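For reference, chains read A, B, C and D in written order, and residue numbers begin at 1 within each chain.
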Amino acid sequence: MKKALIIGSTGFGGLGLIDILGRHPELEISQLIAIDHGKKISELYPHLEGRCDLLVESPDNIRYDEADIAFFATPDRVGMEIIGEFHRRNIPVIDFSGDFRFDNEEDYRVYAENKGMNSQHMCPELLKESVFGLPEKNRDEIKKSNIIGNPGCFAMSMICGLLPAVENSIIYDSPVICDGKTGVSGAGINPGQANSYPLRYDNVNAYREGHHQHLVEVEKTLNRYKSDSNLDYRILFIPQIVPINRGIITTMYAKLKENISQSKINEIYSTFYCDSPFIKVTDKSPQTASARGTNKCIIKAMADERTGYLFITSVIDNLMKGQSGNAVQNANIRLGFEETLGLDMTTFYP
Amino acid sequence: MKKALIIGSTGFGGLGLIDILGRHPELEISQLIAIDHGKKISELYPHLEGRCDLLVESPDNIRYDEADIAFFATPDRVGMEIIGEFHRRNIPVIDFSGDFRFDNEEDYRVYAENKGMNSQHMCPELLKESVFGLPEKNRDEIKKSNIIGNPGCFAMSMICGLLPAVENSIIYDSPVICDGKTGVSGAGINPGQANSYPLRYDNVNAYREGHHQHLVEVEKTLNRYKSDSNLDYRILFIPQIVPINRGIITTMYAKLKENISQSKINEIYSTFYCDSPFIKVTDKSPQTASARGTNKCIIKAMADERTGYLFITSVIDNLMKGQSGNAVQNANIRLGFEETLGLDMTTFYP
Amino acid sequence: MKKALIIGSTGFGGLGLIDILGRHPELEISQLIAIDHGKKISELYPHLEGRCDLLVESPDNIRYDEADIAFFATPDRVGMEIIGEFHRRNIPVIDFSGDFRFDNEEDYRVYAENKGMNSQHMCPELLKESVFGLPEKNRDEIKKSNIIGNPGCFAMSMICGLLPAVENSIIYDSPVICDGKTGVSGAGINPGQANSYPLRYDNVNAYREGHHQHLVEVEKTLNRYKSDSNLDYRILFIPQIVPINRGIITTMYAKLKENISQSKINEIYSTFYCDSPFIKVTDKSPQTASARGTNKCIIKAMADERTGYLFITSVIDNLMKGQSGNAVQNANIRLGFEETLGLDMTTFYP
Amino acid sequence: MKKALIIGSTGFGGLGLIDILGRHPELEISQLIAIDHGKKISELYPHLEGRCDLLVESPDNIRYDEADIAFFATPDRVGMEIIGEFHRRNIPVIDFSGDFRFDNEEDYRVYAENKGMNSQHMCPELLKESVFGLPEKNRDEIKKSNIIGNPGCFAMSMICGLLPAVENSIIYDSPVICDGKTGVSGAGINPGQANSYPLRYDNVNAYREGHHQHLVEVEKTLNRYKSDSNLDYRILFIPQIVPINRGIITTMYAKLKENISQSKINEIYSTFYCDSPFIKVTDKSPQTASARGTNKCIIKAMADERTGYLFITSVIDNLMKGQSGNAVQNANIRLGFEETLGLDMTTFYP
C-alpha cells in the first residue's frame, strides 16, 4: 500500500481525493494538510464520519518520510512555494493549479495575466521538469516525471474534444470556437459572488470572454500535437456559469478541411481513444448528468453538412476528470498502477 | 378599454398574458379559452385568486364579438385550424407558434420537418397576409397586418443579437455560430422528459444540434435585412437546456469582415436600437437574471482581437421577450398604443 | 410625493425597497446609504440600469432634511447606533433588524443571546417608544410611532398563522410546535456557508433548533393578544433551510381545546383577517410559489380529527411580507397612505 | 454468485438496484423486466453504457429458474398480481410498494384509501406470510420470510427516528408530530405535476396533510414495539415536497414523559442502534446531503428544556435507505450475506 499526502485537503479538490483514495486498493492517505488546520476532517465535513477521521494538520508539520506521492489541491501560487522541497526529496507531486502546466515562464506569464494575478513564476527552473498531466497523450512522460501539472477543468474538456480532429488534421484553425458551461463548484469552496446561491440560482452568465486563463494550455497542447504544421490553432473561448453543482459541457466548432463522412469522424475519434478507458465516444447528445461522479469524458463529434463545420460536445464532471479524478489517474500512472484503480465509480443518477 | 381573447390560456403563454394584461391600462381580457376548460383559471392556478377568476371556456364557445384582438398561445398547428374565422371577421390575431412566421409554404415545410411534424400547411393562402412579429424591424407591417406570427424564443435572442451586425455588414456568413441555452420553462407546461425535475436537475444537454426549427426564421430574417447581397447567412445553431426556470442566453460568433474598433461596434449596436425601448446594449457580461420577468433583451457585442471574430451575447426571459411580452408589444403596435404599455415590469431579482 | 431614505441599500432588503418604491405612487427614494458606497447602485446591480441609477452614499453624508421617512435595511446593532439622530429630528424610522422589536431590554437580551451576539442594547430609552411593526394588529400604534421594528421573517409567518387561534382561544399552550422552512435569500447577500451554492444545493438542514432568535417576538406577541390569561404560550421552533431562493413555509401544530368544526375554524380565520388586504385564508394546501414576489401571507388552518390538533400552514415571500414589503406597508400606515400602495405585485409564476 | 431478477427495472427503484448490484460481490442481475420493454437499459439510460447493457424484457418472459431472489420495484398493486407465482416457486420477493407491508387486509384498506386507490387486496392469504422489511428490528423474520414488504421512504425516516424513544418509553402518545420533507425523486420517474421542473422549482408545499398513506405502517410499527401498553401512539404527519432531488428530512416532536438528560437520550439512541451499521446517531444538526447516495439514516434526538419535548431529526436518501438500498439490505439478510454487502457507498458530496 503506497501513501499519499494531500495538501489543501479542506477544499473540493481535497474532498474528492479523500473520497477516491478511500476506495483505492493500492493508495491510502498518509496525512491531510491545510491552512485551516486543527480539527478532524470529519468535524468540518460530518458526512465523512467513520470514513475519514484524520486530523487536518498545519503545513509546518508535513511528514515527508511517509509520502510516496503528494497531491497539491491548492490554489494558484501555493504549490510553487513548497514543491521544491518535495522535488529535492524525490517525492512525485501532482499540482492542481496552473503553477506547473507549462514548461516555460512565458506561457505561465500569459496564463497568470489572463487570471489577473502576479505573473512572475517563483521557481522557473522546475518548469522544465514538469509535465502536463494529460494521461490520454502523456502517459510515458507522466510515468517519469516528478512534477505533474494537472490540467484545468475547462482545458480538459476542450483538449479531449479537439485533439483527435487536430491530430488527424481534419479541421482548420480559423479559429476554433469553444463555448464552455461549468457548474458552480468550479468556483471552489471559498464563499463569494461566484458561488452565492441567491446570485447563481436561476441564472447563467458569461465571464472573462476570450481571455480565460485555460486558453493557453489548450492552444499549446493542440499546436504541440497537430499534424499540419501550416496551421496555428487559436481558440475563441467563452466560459459561462450555469446553476448546476458539478459538470462541464463544452460545445466546440471548427471548419472542416474537406467533406468528411460522419462514419469517418466516428472512426477517427474511436480509434484515437481506443486505449483511453475514461473517454466515451458516442453518437447520442451527451448530458452532464451522465458523467456525474465519474472520471468519464463523453464526446460526440458531428459534421454539420449545411455549414461544413465540425461540431463537438464534450462532457465531464469538473471535480473528477476535471480535477481529483484525473489527478488520481495521473498518480496511478506515475506509481505504476493500473490507470483505473480507485476510479471505477458509477454515475450518480438521478 | 380594448378587449383581448386568449386561446390556449392554461399554459405558460396564457399565464404570461393574464399577468401582463392584468396590469395593462388599455387592454383587458374578454375571455379565456383552452382545451382543458370548465374551471376558473384561479382554481387551476391558486396564485391568481383575486387577480383573475375568469372561467376557462371551450373553443366551441368563442365570443368573437367581444374581441378586439386574439392571442393564440397554442402549440403548432392549432392556430392554423381556426385563425381563418378570425380573419374573416377582421379580428387581428397574434399566434405564438410557427404557424404564421413564414410568408410561404416552403419555409414552413422546412420548419415543420426540423421539428418532426406534419409539414403541410393548412391555409397557405393566409401566409401571404401574415407578418413576422419582430417589433424592432417590422413595426409598420405589424400595424397593418391581421395575422402576426410571434417569433420563437431562441430566434428572438439570435435575431436581436445579429441584426445590427448583418445590416451594417460587418460580419461574414462563414457561417454564424449560435450556441443557445434555454431554461426549462421553454418546454412548456405539459409534463415530459424535457421538464422532469429529476432528469433536468443538475444537468445540461444539447439537443437537435444543427436542426432546431428556429433556424429557418433566423436565416430568413438575416438574409432579408442584410446589406451585402453577396452574402448568404447560414446559422449553425446548437440549443441546450440548462436548469433554470426562465431565461435564454445565446452566445454568437461570426468572422469580422475587417478590423473594427470596439467603440465602433458599440456605436453600431446603440444606434440600431436607439428607438427600441426593450433592447439594452451593454458592455458588461449579461446574465439571464437581469432580464428575468421583463421584456428586455440585453446584448453585448465584442470584438475578439486574437481571432478577428465578433462575439455577441444576448439574454432574454424566454416567457417574456421570447413569448408573451413580445406578443403584447405586437398587440400594442397593432392597436395603436404606446409600444411599452403593460410591459413596464421590473426585473425579478434576486 | 414623500421621500424615503434607505440605509443599508445594497443588500436584499435595500434591493426590495428600491423595487417597491420604484412603483410607489406617493413615496420615492431621496438617498441611498450603505457602507459599501461610492458607486451607482446600477453599477453594482446591472438589472437596475435605467430604473434606479442613484449613487450609493456614505453614512457620513446622510441628508436628513430630505427624508420624510427612513428605512434601516441594516443588520442587527447598526440601527441602534444612529437611530437616535433620526428620532431627535422626528423622522420616522423602520428598522429591519431586531434592534427595535421589543419594548424592554430583557427581551432584547434573550433575542441577542439566542443569536449569539452582544446582548446589551445601546439605547434602551428608545425601546419604550418603539412599536412592533405588525400591521395586522398594530395599525393604530404604527400610525403614531416614530420607531417601528419590522418583524423577523420567520416570526411574521408564525404570528400570522397563530394569532387567530390564540385570540379566539381555541388552542392550548402545550406547547405550540413550529416547523419553519426558509429559502436561502434569508441568509442575506454576504457570502458564507449558509448561502454557498455547492453546500446549499440539493440540501436541507435544521439549525439553531429550539433557540432561534425569532422565538422571543412570537411568544411575546401571542401572549400579549391571547384571550385566555391562564395560558402561557410557548413555541418549540425548528428552523430549516431549503434550496429555494425566496419563500418561507411554516407548519404549526397545537392541541385544540375542544372539538371544533372545520367550518368554524375557517370562519375564525376569515373574520380575523377580513380587513387585512395581504392575508389570504385558503383551504387549499399553500405553496411558497403562490406568494413569490408579493406581500401576501397565505394561511391554511385545519383540524386533524385523528389527533385533536390544529394544523396551520403559512406561506410568505421572506423578502416581501417577511421584509421589504411589510416595511413599506408599515411606512404606508405611518405616512397616512392607503396600506396597499406600491404593493400591488402579481405573483411571479412560474 | 446469486442472481436477482428486477421487475420494474426502468424506474428510479430499478436504476438504484442496477447501480447497487453492479458493485455487489455476491449478487448479480439475472434479468430486467418492465412494461416498457424491448430496448437495452443503456439505450434508455446512456450513463449505464458499459456498466449494464442488459435487455429490458417483457413480464411475459420472466425466467423464474434463474432467479434466487426477485425485486419488485413496481407501483402499488402490481406486485400482488404476480407475486403468487414466485411464492409457489419458493423464490423470495422484496416488494417496494405498499402491497405487502401489512399482515392483514384491514391495514391495507386504510393505506389504500389514504392513497385514493382500490383498497381490496388481491391475495390476502399472502399477507400473513409477509414481513415488514425493517432490518433494524425484523432481521430474524426477514431471514425466514419469502415476501418482504420494503417500507415506504417517509415511514423509514419516521420509524428509525421514533423507535428508540417508543421502545424505551420516554415519550407520550399525545400525539407524535412528524413534519416530513422529501425530494422530488420521491414522485417517481413518470412525468406529472409533482415532478414538473417549472412547478417544483423554487417551491415548497404540503400535501395530503394528516392523511398520507405511510401513517399506517408507522403507527402499526410503533405500537407493535412500544413497551408501555397504556399508550396508543398516533402520528400527525404532514408531508412536504422540497426542490431537492434526493433526500428526506423528517422532524419529529413528542412530549417527554419526564425530565431526561440529553446524555441519557444519546445513550438510549446509541444503544438501540449499536448493531445497526447504517444508522448514525449524532449530536450535530443533520443535513440531507450527508446521506446522499448512501444507505445511511442519520438521527439527532434532543430534549428541549423550555417545552419538555423531545425533538428528533432523521435524514435519509429516499432512493437508498428509503428504497433500493434498504431493499438490498433486506436481500442480504434473506440470502444469508453480510448486511452491508454492496452498500458501502460514500456520500456524494458536494
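Throughout what follows, contacts are C-beta pairs under 8 Å (C-beta built on N, C-alpha and C of every residue); 3 or more make two chains touch, one makes a residue touch a chain.
Predicted model, so just to flag it, every value in this text is computed and none were measured.
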Query: For the chain pairs C-D and B-C, which is connected through the larger number of C-beta pairs in contact?
result: C-D
Message: As a test of understanding: of all chains, whose mean C-alpha position lies farthest from that of subunit B?
response: D
- prompt: Roughly how many whole angstrom separate the Cα centroids of subunit C and subunit D?
  reply: 39
Statement: Multi-chain contacts in subunit A, i.e. residues touching at least two other chains, fall at 12, 185, 198, 201-202, 243, 245-246, 286-287, 289, 292, 350
Message: Which residues of subunit D touch subunit C once you look at their complex with the stated criterion?
response: 174-175, 177, 179, 181, 183, 198-199, 201-207, 209-210, 234, 236, 238, 240, 242-247, 249, 251, 253, 255, 285-289, 292, 302, 304, 306-307, 309, 311, 313, 350
Parts of subunit A lying in touch with subunit D, wherever the complex brings them together: 12, 15, 19, 22-23, 45-51, 185, 201-202, 245-246, 280, 282, 284, 286-287, 289-293, 346-350
- prompt: Can you name the residues of subunit C that touch subunit A in the complex?
  reply: 12, 184-185, 189, 191-193, 195-198, 200-202, 243, 245
